[in-house]
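Chains here go by letter, A, B, C, D and E, matching the order in which they are written, and residues are numbered from 1 within each.
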C-alpha cells in the first residue's frame, strides 16, 4: 500500500464506499418503501418477483423494476426540447449522488502509515456543499418540467422550484444553530464535536453532546425541511399525482426510473445529514479512539480497525433507522396543499429557525461566559 | 501542473457558457448556461482556496438566483421573444466592436498597472474564519446595511408582485 | 500554480461577454442574466486581487456583491413579472414609457 | 260550413267533414286505425269512438259527419273506457312481441296501447296462429298474425290503384288478409300499403330488419325520380353505421302534399335511392394526367377547370347541363356561362327507353327539374347549339371543351358511336356528377357533386311548383353541392358576380329569385314544406 | 365584491368548527400521534410476519388476498363478462330486437339482424358483437332483454387483451360461455380469444363500424 496505488486507494476508497452504500441504499429503498408501507397497512407488499420460484420476500423487485424500466419504450414528446429532456434525469441523479460526498461516515482511518478521512471529499465548508448540491438538484426537475412541452410538467417544475427555495432557506437557517454549537462548517468536525460530553459540569461524561440534544428545535426544523427537499409525501406537490402528475409526466423507461431514484438518493442524503448533524454521526457513545471509556470508569480497549469498523457500522445503522423513520413519516402523513407547504416553509420553519439561531447564540454566550 | 490544466478547462467552460448565454435565443437555455457559468466560477474560487465563497456562490447564485431566473422564465414563458424586426439593428453590429474595444482597454489597463507591481508572497488567508472575522469586524457596518438592503428588497418584491384584491 | 493575472484576464473576458449580451439582446430576462455575468466577472477579479495581495478582503467584498445581486435579482424579476402581467410581451425596446 | 263544439272548443269545418278530421282541426286527436283521409270510410276498428251530446252511446268518429251545433267530447271517461275495451279486443290475437316486430317504434297499436291500453290483460287462451312472413309481392311482406283487419290496404288497392289484389278471407278470429288467387301485389304503387298499415302486418321487404326505426334521422325532401316532384321524407341511418348493410339512406317515405302527391308515391320513387350510397359514387375530384385519371384536390381541379375554360374561345365550349340539377346549381351555371359568353348549352338528353307515364303520379320525364332548367335559361339560344348539336360539333372538333353534367351520354338515346366520337373529339371533357359512368370514365376532369339527399336546394316540377329539398346527409367523401363547385370555378375565373360568393344554397336561390322573373318573390322561407308555383 | 373566495372558504372563517385548534396547528403533536399509531402497527405486524415466516401460522399480519391463487368469492349478482343464452337446439335465444343495443349507454353492442328460417322466430342476429373495450358493465342490456338472451353471469373478469380487436367478442364466443358456479367462480374455461394478433384480418361484420370515417357518419341532418 505504497506509492501511487496507495494514493489512489486513499482517494477513491471512501468515494467508492460512499457510492456503493448510497446507490445500494437508494435501490433497496424501492423495496423498503413497498414493504414497509405494506406492513404498516396490514398488507403483504411486493412478493411476486421470483427467480426459479425463489421470492426472497420480494427483494428481487428492484431488479425486476430495473429490467422493466430498461426495456420499456423511451418516449419523447414531439415538441420536447430533446437535449434538456434527456439531460434532466441525469442532472437529478447526479446531484443526489454528489450531495453525499462530504458527509463523514467514520473517524480518521490510520492504515499503512496513511491517515484517511472517512468521507468522500474533505471540505472545510462541507455543510454548505451538501446544501449546494441539494439545491442544484432542483434544476433537473425544472429542466424536465420545461423540456417536456407539457403544461402539467411545467407546473410540476415550478412547484419544485418554489418548494425548493422555501425549504432551502429553512434548512440553511436551522443548520446554522448546529454550526454555532460545534463551531465549524466541516461536517467531520461537527461529528467529532458530538463525541464530547454534554455540559460536563452538570452531567459529567454521561451524556454525549449529540445535535439532537443540543439543538432539538433545529432537529425538527431540519427534518421537516429535509423531507421537503426530497419532495416526497407530505411535500410531494411537484408530483401531485392526483392533480398534475408532476414534472415527469412525459417520462418513461429508465429516465423515469432515474427521477424515482433521485428521490430515494435524496432521502438517503437527508438521512445521512440528519445522522451526521444531529444523531452523533459515526459516534458510538463512550467509544473513543482507543476503545470504550465508560463514565463509571470501566474501559474496554479495542484495536484501531475495530473502532473504525464499529463507527462506520454505527453510522450505517443510524442512517438506516433514519430512513425507516422517513418512510414511516411518508406513509403516515397526508399531503400538504401547495399553499400550505409554502406557508409552513416561510411562516413556520423559517421564523422558527431564525429564532433558534438567536436563542442558540444567547445560550452560547451564557454558557461560554 | 494539474491546476493549470484545470484552470484552462474551467476557463473554457466559463467562457463557452457565457457565450452560450448571450447567443442562445431560448431564455431557458440561457439560464441553464448561466448555471454552468456560475458553477465554473465557483470551481475557480475553489482553485483559489476561497472555499466559503465557492459554496456561497453555488448556494446563492446557482441555487437561488438562477432558480429564480428559471422560475420567472417558466412563469412568463416568453416563447415568442425576439421574433419581430429589430428596431435597433445597427446596435447589434456596433456591440461586437464596442465589446472588443472594451476588452482591449481592460487589457491595456491591466498590463500597465496591476501586474507590473511585484507580487507579494501568497499567504492564502481564505477559509471561512478569515472572511468571517473581516465581515464581523472591519465590515460590520456594511454587513448590517446589507441586511437592511435584503429586507428592503424583500418588502419591495412583495409590494411589486402582490395582486390587488379586486 | 496559476498566476492571478490569468484569473483577472478571464474575468475581463467574461465581463466583455456580459456587456455584449446586454447590448445585443432584447429580452429583459436575458439582459438581466448578462448583468449577472458581469457581476460574476467582477467577483472573480476581486477574489483574484485579494489572493494576490494576500488578504481576505476581496472575498468579503464578493460576499457583499452576492447579497446585492440577490436583492437586485429579486426586485428586478419582480419588476419584469409585473411588466409582463401588464403587457403580455417582453421586449425592452417597447418599454420606453415611464408609466404603466 | 257547420260549426260545432269539440272538447269545449268551437270550430267551423267544411261540410262533409267527419268528426275525426273536425277534432283534428280543433286540436284533439281521436285514435283510429281503419280510417284514412285518403280512403273510404270503413268503420272497422271501432277505436275512434267519441261522445256526442244528446246521443246515448259513443259513436264512431270516422263515419259521423260534423253537423251544425254538435257538441262532441273526445276525452270523456266513457270514451276512454271504450277505447280500452276496443284495444283489448284488438290485442286478443295480436302477438305481444313488440321488440321483435319491425314496426315497433312507429306502430299505432303500440302507441295507442301505451296511451289507452288495459295494461293487465284478461285474455288467457291461446292466440290464433296465422301465416307469418308471407311475401305478397316484390316489396311487401305480410305477417297475418299482427294484422288487426283494419282493411286500409284492401281499400287502397280497390280505390287508389284500382287493382284489387287484396281481400279479407275466412271469418271471425280466423279472418286474415290475403291475395286473391293468381295475383301478386306488384302494382306500381304497392309500397303505399306499408305506409298505411297501422301495425306491423305489412312490412317493407327491403327495409325489414335493417334498422330499428328509432335509429333513423329524417329530412324533408322531394323525389327526384320524375317531373312530378312528389314530396318525400328521407330516412337515414347514420348513428349505427353497421346497420342497414352499411348504407346511409334507409328508406323513403311519402310526405303529404295536397297539391302534388297527397299521401302516396310510386314504387319507382320509393325504391330509387340505392345510387346515393352506391359503390359507383364519385367521392374525390379526379384529373387525368397523361391519359391516367388520378385523384386530386378540389383546389387543383377547380384551377384546372378554370384554366381549360379560359383557354378556349366561347364558341369552342359546349355545356350539357342536367335537369337532375337543382335550380341553384343551374342558376350558378347560367351565370358562369354568361360570364364566359358560352351559347352552346342545353339540358335535354333523351333517354334510351322512354319513361312510363300514367294518370296518377308517374311522369314520362324522369328528371325532377326540366321546368327549372327551362326557366333558368339553360336552353339553346339563338346562335348556339342544342345538346345534339353540341355533340355533333364535338365530333367535328368545333367544340373543343365539353362540359357534361350528370348524364351518362353513352346510355342515352343517341348512337353510342357518335357519343364516343364526340368524347374522343373534344380536347377537354369535364364531367360533373354524382356517380361514375361511361361518360365520367372518359372525362379529363371529374368534379364529384353531392346527391340531392346531401345538400339543400329546390326543384321545379313540371307544373311549375318550386319545392325545397333538404340535406339529409353530409356529402359522401369530398363531393360538394353542384352550385358550390360552380361557384368555386367562378371564383377561380375571377368573375366578380356575387353569386359565386354564395356560402349557402339559399344565397344562390336569392340570386335566382332576383334575376329570373319566374322566381321573383320566392324565398326558402316562403317556399316552406310544400312549395310555391312559379309565376307564369 | 371584496373577496368572494374569502366568504366561501371555510378555513378563512376563524370561528368555523373545522378550523384547527392551536395544538393541531402546531402540527408536531398530531404528527407524532400519527407516527405512533403507524409505528405501533408496523411493529405489531412485523412481529406477526416474523412468526409466520418461521412457521407459526396462527397470526396473520396482513389481510391481503393473493389474487391469482386466492380469490374472493364473487356475489352471484356480480356483473361479469356477458354471454348469450342458447335454446335447446344450441341456437341463440336472441331475436335481434336490438333492445340491448339501444339501451347500451356505451354503444358497445353491434347487432345485425337477419331472417330466421322459422317464421315464428322471425329474426336472429347475423352478427352480435360486444366491444368490451367500450363496455361499462352497467347491465342495462341484461335488464332490457325481453328474451333473457343475454346475461352477465359468467364470473369471468379477466379478459384483457393486447389489441383492441381482441376486446371484441363475437356471437360465437359469447354463445360458448357458461354461467358461473354457485360461488361465482367461472365455469367456462378462459374466454376464447384472450388475444388475437393485431394484424389479423377482422371479420367482415366488424369493419362496418370501424371503416366508415366519422365525418361521413355525420350528425343530425341540417334542416
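Methods note: contacts are C-beta pairs under 8 Å (C-beta built on N, C-alpha and C of every residue); 3 or more make two chains touch, one makes a residue touch a chain.
None of these values were measured; they are calculated from a predicted model.
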Partner chains that chain B and chain C have in common:
none
By C-alpha centroids, what is the most central chain here?
E
Name the two chains that are joined by the greatest number of C-beta pairs in contact.
B-C
In terms of CA centroid distance, which chain is the most far removed from chain A?
D
Whole-Å distance, chain A centre to chain D centre, using C-alpha means?
81
Centroid from C-alpha atoms only, then distance chain D to chain E, rounded to Å. What do you get?
46
Inside the complex, what are the residues of chain A that reach chain B?
81, 84, 123-125, 128-129, 131-132, 135-136, 138-139, 142-143, 145-146, 154, 157-158, 161-162, 164-165, 168, 172, 185
Touching residues of chain B toward chain C in the complex: what are they?
3-4, 7, 11, 14-15, 18-19, 21-22, 27, 30-31, 34, 37-38, 41, 44-45, 47-48, 50, 52-53, 56-57, 60-61, 64-65, 68-69, 72-73, 75-76, 78, 81-82, 84, 86-88, 91-92, 94-96, 98-100, 102-103, 106-107, 110, 114-115, 119-127, 130-131, 133-135, 138-139, 142-143, 146, 149-150, 152-154, 156-157, 160-161
Under the definition above, what is the set of chain B residues touching chain A in their complex?
26, 28-29, 32, 35, 39, 51-52, 54-56, 58-59, 62-64, 66-68, 70-71, 73-75, 77, 127-128
In their shared complex, at which residues does chain C touch chain B?
1-2, 4-10, 12-21, 23-27, 29-30, 32-34, 36-37, 40, 43-44, 47-49, 51-57, 59-60, 62-64, 66-75, 77-82, 84, 89-91, 93
Residue ranges of chain E touching chain D (in the complex, touch as defined):
95-99, 101-102, 110, 112-115, 119-120, 122-123, 127, 146-147, 205, 208-209, 212, 215-223
